[in-house]
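Paired with chain B in one complex and with chain C in the other, chain A is shared by the two complexes that follow.
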Partner chain A sequence: MTFKDDSKLFAAACPIPLDQYPHVTLAHGGGGRLMHQLIEKCFIGAFGALNPESRHDAALLPRLTGRLAFTTDSYVVHPLFFPGGDIGSMAVHGTVNDLAMAGARPLYLSTGFILEEGLPMETLWRVVQSMQSAAAEAGVRIVTGDTKVVDRGKGDGLFINTAGVGVIEHDRIIAPVSVKPGDAILINGDLGRHGIAIMAVREGLEFETTIESDSASVSGTVQKLIDAGIEIHCLRDLTRGGLASTLNEIADATRTEICVKELAIAVREDVRGACEMLGFDPLYVANEGRFAAFIAASDAARALEILRADSPDSQASIIGSVVGPSDPGLVTLTSRIGANRVLDMLSGEQLPRIC
Partner chain B sequence: MTFKDDSKLFAAACPIPLDQYPHVTLAHGGGGRLMHQLIEKCFIGAFGALNPESRHDAALLPRLTGRLAFTTDSYVVHPLFFPGGDIGSMAVHGTVNDLAMAGARPLYLSTGFILEEGLPMETLWRVVQSMQSAAAEAGVRIVTGDTKVVDRGKGDGLFINTAGVGVIEHDRIIAPVSVKPGDAILINGDLGRHGIAIMAVREGLEFETTIESDSASVSGTVQKLIDAGIEIHCLRDLTRGGLASTLNEIADATRTEICVKELAIAVREDVRGACEMLGFDPLYVANEGRFAAFIAASDAARALEILRADSPDSQASIIGSVVGPSDPGLVTLTSRIGANRVLDMLSGEQLPRIC
Partner chain C sequence: MKFMDEYRDAAIAKQYADAIRSTVTRPWNIMEICGGQTHAIVKFGIDELLPPDLSLVHGPGCPVCVTPLEIIDKALSIAARPEVIFCSFGDMLRVPGSTTDLFSVKAGGGDVRIVYSPMDAVKLAAANPDREVVFFAVGFETTAPANGMAVFQANRLNLKNFSILVSHVLVPPAMEAILSSPLNCVQGFLAAGHVCTVMGFTEYEPLATKYKIPIVVTGFEPLDILQGIYMCVKQLEEGRAEVENQYSRSVRRDGNFPAQEILRQVFRIIPRKWRGVGEIPQSGFGLAEEYSSFDAEVRFGLADYTAEESAECISGLVLQGQKKPFECPAFGTRCTPEHPLGATMVSSEGACAAYYLYRRRKTPSVAVSS
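And then the complex of A and B:
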């Protein structure tokens, strides 16, 4: 495990006495006193209790009006801490973003911890604080959770599952089914930083400047597009498999041809250099705060303005469009020198345990 | 891993070509073709798709009226298959039961798989079928999911997280806050079978008859109590830590004294024998289909009738009552020979990875 010295994560001292319990033990998952201490002090201490008067196995949510979106993701990223984030902030951002991609306003998260016996208690506490800080920033609450401990050697420090519930407050159907030929395709910024940030830590690579993960909640940005009445047809985050896999999924699901221009896709020079060195194509590298938006062409310019105003440094851009029906779906890329090539789906494994 | 030869789990042949992919590989979690094949054929093949026309990272749920309950649990049980169940059926029962304990009607589940590289593909398929069969039986749908693969040696075959959403269709507050002195305490059957079933497989113990786990959805039973208008104050499943820990939690949360009678608590003879041999107290052993109900004394007899009619063989019983305020909360047991002793909360670890 690698540790990032981020003092903001040490805002509050660990509420579990570290001299007594420096590490997670099997008893912390056993249903007895130690588990209750962990839940009360560490988890509820950080996340708060939604129904303090009726503490329960399930959280009771206030009445919600509108259609609901429901999603889940497990996080097994290695290492647990990396420049720009950690497994805790990612576990919040990833699930918040999945809800946002359905056009929902994320509201509530659950969290399931699978701890390996021997995990430093302080590591767990740092991750939990990071989750809470990411949740507060994204406007969601962590309302219910579970802890399991597996024997040493049967896990890898810490895995986190989060599930999320959000509410859809508009009548649009934001989904592949709404994608139409002519739609403009926008992305909200430069690509490849999350994957390269992880890889750099794993391989001990050093660059002139530290490449930080782009891990972030995009829910606020999506909300701005919705509030402005932009005709959004589909949204998809560019995580495992990167932009190329996402576009292939959408082309395949909608039986359309998608054309994008390499020159319009921002990749930072240091990220591009690292990709060349490692033999990666940045279009296939995972991001954790980037998404593609399929938008009615007439609203594309306005949507781009909103994305750029929301994050002036991120290099949001219109990268291409849906050109017409195609069976099977097809993604073509016009390269920097003007040549066209098919951008295929990743067939093997580029970078394991990136999220 | 131990395999149970249960032909019902082989109702459908594995849709992933086993000669080509006999084992899960890192690429099955990589976001590319293999992951998509796994999702489409194995998971959607078994669970169906809720929104086939708008396949998405999040499931869109129909509008729900009423308060919502939201819960999560991870399952790390070892071994994956055991008499009376497997990790898949447990992952459904456990989360369904957590919702039922809040008085909710369970409706939708998410599932997050953390697979270890090298897991036999057929094992995964059997577990997935078992989940679907348990979900159908419990009246819930598995609507959204996620797959991660960790490198060999960094997991233990298969971990599953399920989160669940249910709807509360009545105005009762079924929670510790509603528990009152005078309440009768009922349990819906005999104790200790889940823990002993797991332990027997782990330790290679053989009994005259196979002890099967009690793993089951109790949602239907709870619904019957609610539909009959029984004045339910609190429900709690008797999982990790067993009955003793549950009663202590409730006594502690409600600052009351709880008295129960050992003679009223059913433990099968073979389970009692196994407990004696292994040095376990059946009151602390985990169950996966048993719950305690805190019920207004005036409704206790009628509630017992319903429990017994629902499952005539299970030996449901009234085990005691909430006798009055006490600070701190206290649980006393009147033993078979009439002596009283304090039933304390488990302090260490009795049986790791039981769920």
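And then the complex of A and C:
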């Protein structure tokens, strides 16, 4: 074990003495001394203060050059900890990725905690630690926050909202309006791991291997594509609803037809097995570290090289293309036996099938 | 993936498609019985590989689809009771009853839980002696043995707070109902491989003889289905009408004896209503006398409840192969997966939903260059 790992281990001890308050109480959200202790020791202890003048009602950010991107998302995952991540790392990755999808370099996050009375302080500390390490890895600072405590039974332990600001340091418009017929569609790796990992823990399903969530920041990867001058037209993360829903949203928004090939889309064996058993289609399962990139066809091969060099095990691939306005809004899939079918948006969530 | 990719090989699929094309000399209608087969056909685009003269008719083998409206209403009524934990397989939650669905009952405070095995419901009953645990026992001969086993175990454990709402239906009587209809257009059957894994296929032999119709017991992977279709058209072209077993890696002629034994002990054969079709004599299971105390309909006083189905929905004709989903005026307009008029639009295995999801395109398909 390296020194760095050791220091992380030591830092993992909760700074609020457990013998005093092993659980979150209503007083921790009451504005008094306990709340200040929580903010000082737990939140500022982990996230640090941006600068002395930021210990105030609002964080003061330095002047930024370029267009700004601004986004927010709330995180309500159960269980709070799952193989490959937890609600804290997800709350950072999700918002960082939303900024990256606009072609921005993520810089600052806010975080709002809604804590349920009775939440173990140790749990909160683990989540906060995880947020800080995810933020450091993604190159962002958590600069402002808020805490509320709700009565026991009125929350699921812990909800987090994060908002983020990023700066766009180029002139491209990375958005559905830029998608054109002929664009190549790439994904940065295999699909379905996050949704199945959560499902397996939540439902107590046991498979031969532990399926780990793919939760990760993709900001560094996107930055490499931008830095290499790749003609990116649109980026979209493949979270709720998975690849199929994303492709439908883009086809619909751009009034184009999209064609993809099933065999070009990587899905790991264990995820495929779990999906077969449950009657799920991995193309509709949520991911937390995967995105689709709509890229000028002439840059597709170079973009693929960058994606593969960035994460050699991830099985990034070119999955298809935007074919034109012939059947606007339609997504078709060439199945593994070589026939075509429509890949539609689900009406609700996927449900395990009877037989 | 082992034991799966072998049955999804594009080159072999093409060979079978070619063989089917060179065998077929005139139009034929073949019905795949099982909703799982329908799902695979549209998911993999198998029907696109077939000659235009060969029509696949989607049969009544989707348990979600054929569960009658009144049983759904009974489920909704039971699930809304405060003392009840209502357990169901996931895809029953979206099936509309007369006024609402299980999702809405859950949102309104009903304790509705998705389980993966009926034994999970038995465990819940043992762990919650102060609650009534009800399992929604839906399906064909495939799911009936496990559901029967749950009742058998609950009886052994002397669980007084466990019951099942039974809606089990049987394949052969439905096939006979289709064949004996004066409007019947089905000339060959792909029988459901999983049902036959349990029951074997001796019951189908008299049907093949009586109605002079080929029946091929068929699996669920693309190559299974293509081979089943090939065997079926070969019989049709040669003028044979036999029961053949394509799915021999899973199905024996006599089926699975222990599974059949549990069915004999726990259930008895009764007339059952099929959604969209109506009542078919001797076409389902009810609990045997000895196990009648586990019958949720009796326990909650709902045995006499009846309900009428939407007059506009043609799901009955679709289930019997007399109409294609897009021949319905409500298809894709007043009837969609978000607002289904009938259950064939609800389950992804239902013929209407499968057509809606996978076939809703306006221009001929464009191949993706590889």
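One rule holds for everything that comes next: the second predicted complex is superposed on the first by the 334 of 355 C-alpha atoms of A that agree within 3 Å, B and C clash if a C-alpha of one lies under 4 Å from a C-alpha of the other, contacts with A are read in each partner's own complex, and residues count from 1 in each chain.
One rule holds in what follows: contacts are C-beta pairs under 8 Å (C-beta built on N, C-alpha and C of every residue); 3 or more make two chains touch, one makes a residue touch a chain.
Because the structure is predicted, anything quoted here is derived from the model rather than measured.
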item: Touched partner set for A:32, first chain B, second chain C, both or neither; value: first
item: Which of chain B and chain C A:114 touches, first, second, both or neither; value: first
item: Chain B versus chain C as contact partner of A:326, first or second or both or neither; value: second
item: Partner chain(s) touched by A:122 [first = chain B, second = chain C, both, neither]; value: neither
item: Touched partner set for A:169, first chain B, second chain C, both or neither; value: neither
item: Partner chain(s) touched by A:260 [first = chain B, second = chain C, both, neither]; value: second
item: First (chain B), second (chain C), both or neither touched by A:149; value: first
item: Touched chain A residues, chain B compared with chain C; value: B
item: Partner chain(s) touched by A:137 [first = chain B, second = chain C, both, neither]; value: neither
item: Contacts of A:339 with chain B and chain C, given as first, second, both or neither; value: second
item: Common interface positions of chain A, toward chain B and toward chain C; value: 347-348, 351-353, 355
item: Partner chain A, residues of chain C touching it in the complex; value: 1, 4, 8-10, 13-14, 36, 42-46, 48-49, 63-64, 89-94, 103, 114, 116, 138-140, 142-143, 194, 222, 336-338, 347-349, 356-363, 365-368, 370
item: Residue ranges of chain A touching chain C (in the complex, touch as defined); value: 203, 205, 257, 259-261, 269, 272-273, 276, 278-279, 281, 320-321, 323, 326-327, 330, 332, 334-342, 344, 347-348, 351-355
item: Parts of chain B lying in touch with chain A, wherever the complex brings them together; value: 25-27, 29-36, 51, 53-64, 66-76, 78, 98-99, 101-102, 104, 108, 110-114, 143-146, 148-151, 153-156, 159, 161, 163-166, 168, 173, 175-178, 236-237, 239-242, 245, 249, 253, 286, 345-353, 355
